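As written, the chains take the letters A, B, C and D, and residue 1 is the first residue of each chain.
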Amino acid sequence: VTSSHERGGLPANRVEALSDGVFAIAMTVIVLNIQIPEGGTESELVAKLGALAPKFFAYVTSFLMLGVLWIGHHFQFHYIRRTDRNLLWFNLLFLLAITFLPFATGVLANYNRSPSAVLVYGGNLMVAGTSLLGHWIYATTGHRLVSPDVSREAIASIRNRVAGGLVVYGSATLAGLFDTRVSLAMFVLMPILYLIPTRVDRAVAKR
Amino acid sequence: VTSSHERGGLPANRVEALSDGVFAIAMTVIVLNIQIPEGGTESELVAKLGALAPKFFAYVTSFLMLGVLWIGHHFQFHYIRRTDRNLLWFNLLFLLAITFLPFATGVLANYNRSPSAVLVYGGNLMVAGTSLLGHWIYATTGHRLVSPDVSREAIASIRNRVAGGLVVYGSATLAGLFDTRVSLAMFVLMPILYLIPTRVDRAVAKR
Amino acid sequence: VTSSHERGGLPANRVEALSDGVFAIAMTVIVLNIQIPEGGTESELVAKLGALAPKFFAYVTSFLMLGVLWIGHHFQFHYIRRTDRNLLWFNLLFLLAITFLPFATGVLANYNRSPSAVLVYGGNLMVAGTSLLGHWIYATTGHRLVSPDVSREAIASIRNRVAGGLVVYGSATLAGLFDTRVSLAMFVLMPILYLIPTRVDRAVAKR
Amino acid sequence: VTSSHERGGLPANRVEALSDGVFAIAMTVIVLNIQIPEGGTESELVAKLGALAPKFFAYVTSFLMLGVLWIGHHFQFHYIRRTDRNLLWFNLLFLLAITFLPFATGVLANYNRSPSAVLVYGGNLMVAGTSLLGHWIYATTGHRLVSPDVSREAIASIRNRVAGGLVVYGSATLAGLFDTRVSLAMFVLMPILYLIPTRVDRAVAKR
């Protein structure tokens, strides 16, 4: 790994460390919103666990969503080697959205038929997606903070993947005005779609 | 350390960072489920601490279990130098199980004579073990993401250790259908067994 | 990156890791103080979210404040390559203030018209700023823990930026004795001012 | 930095990362045990903050104690370059004690005149100190996991510092049987004593 010092700018490793920390905590904290049943008989436990089903569902969905966003962030920093103050703030705005997701998840779990809850959750994801997109566009415009040998194809491929996510978040939020079940389905399907490797993956594998 | 960039693929350091963060939080958060006694006389404190005994027991057990799983993960990444999207998702599935363990621990502490609680806890560990096993098999099949000079012996040794854990988790869960005390004993003994070094340790020491 | 071992002293990477961890947790934990509405009708949700407005406001403000402090810490460690026991304690005092911010934020959110709440919040920031300033002065006096080729200009520029923040924190706290709204406005405006790059940024970019 | 791979054994960086994460969380989580006052008049806020004084006191004390232990851990890993399964378990036992400290701190804050609370807190610190001492003795006996050029003086100096802490923890716990105020004073004074640099610091600076 070439030291960022040789090229100027702040090294990227601390932004990565802060971001990994925030993701790790957000992923773990969603579960803390599921209250542990307080004791009782076998059948009471089964009933209580059953009643928590919407919370389990929301937790797994949000965990996978955080996974998609973390992978997107990870791919970007595979190429971004230097940072500056502006990029740090794009990243902080992104992390602001990540820290809010446990709250939005709790709201969606408790009000899963409410358009406002879908708006809170989808809006949260849209802030995350928009700042991640801005982060990439800022870093790559004129190869500002990436190595000059990063291909236009790789840049476009990562950009399109984030932008595609934004379209899903926006559509799911809009769908919530009509039927929140459509929104929930879209939130669940989205990470599954993002399992599929694309040109980004081939570019990274070659590099 | 040879840079992963020279061989293509995403570097492994961020997966390690995210995973270490999730483990660190899960380990610390189990204790948060033990409510701090709210004040009173000396003898009240002693009584309250005594009443918390099952929770202390569950906390220490789960901490050690997390220790076993973290060491297993650590050994794998001693050899895995590159990652790809598929491996990241194997890892995320593993972390999903890790983040859930504080909840499962709380359930087991509050219902330690209930087969369903053992099923929640053992099932959680089985998801963790299965994804860790899949993670290793995916990474090492055809030396996909490990260096070509990693011996078949080292690969088999790590695989068997994870598979052995899975057998323990499964047996303990099954035993819970008959007597949950047998399950608890197995959950406690398992980390003690895993203190013993095996061929993996010798392979790592030589490398 | 030149190893700190070659120059003596403890390497800086672990102080960075501990600090990034504390920041990541503090950033995520502020949100946990906002209680998730417990279920009900659509209009109840809207009303409850509206009632939480001061808490959302305090959360975003404190997150951005943590962002400013983290960036300040990050810039310092761009130059600090070695640490010693004294520097570790300056850093720990700084982190003590960071860990307290979620509490101070909660107090300010619940008592936003109270001078005492402003004093708690502003005093907390003043401890953070003072220890960060002491941290830098200690590290750079006689180039104690920075490379000899770090220019006096870069040293002064980082020092003035931290000192400027301290002046804002102090003024905002004082203003709270007369009108807490002035304090709140200053706390919100401060991160926006710190978006603007200065000589520090140019020095770092060149390096 | 010489790669640990060249000498065999697991690299130390992940143990450091896990440990820094656990410390960061433990440091931040102690504050979460202090309940944020729920709103009211200016004088109510002052009264409530006053009533929280023992909790603030316990939080600052435990934070500094965690600082002492983290610095001790940090100094050890300045020399330890390789790990093995045994060392990982010494470290995990140490971390088990660290994760428990927020609970023990809460108990001490709520029962500061109770010998049992002092026993919980002091006992917790003794487990931490004992495992940290065992960790160092295991790593350095026959220069097992440290470089052969580490001087006997440096080894003894770090060992004595940890052992000295153990003596303080033990004495403070015993003193609690007679007067818990003596114990509290010793817990508070201990970190202040450990601010003073000794031979360890000179050894590290030279290296």
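By our rule, a contact is a pair of C-beta atoms (placed from the backbone, for glycine too) under 8 Å apart; a residue touches a chain by one contact, two chains touch by 3 or more.
Just so it is clear, the structure is predicted and the values come from calculations on it, not from any experiment.
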| item | value |
| --- | --- |
| Homomeric contact chain C-chain D: same or different residue positions, threshold half | different |
| For chain A placed onto chain C, the superposition rotation in degrees, Cα atoms, nearest 5 | 90 |
| Intercentroid distance (Cα basis), chain D paired with chain C, Å | 25 |
| For chain B paired with chain C, centre-to-centre distance based on mean C-alpha positions, whole Å | 35 |
| Residue numbers of chain D (touch at least two other chains) | 17, 20-21, 24-25, 29, 32 |
| Complex contact set, residues of chain A against chain B | 1, 16-17, 20-21, 23-25, 27-32, 34, 36-42, 45-46, 49, 60, 63-64, 67, 70-71, 74-75, 77-78, 195, 197, 201, 204-207 |
| Chain B contact footprint on chain D (complex, rising order) | 3, 5, 8-11, 14, 17-18, 20-22, 24-26, 29, 32-33, 84-86, 88-89, 92, 95-96, 99-100, 102-103, 106-107, 110-111, 114-117, 120 |
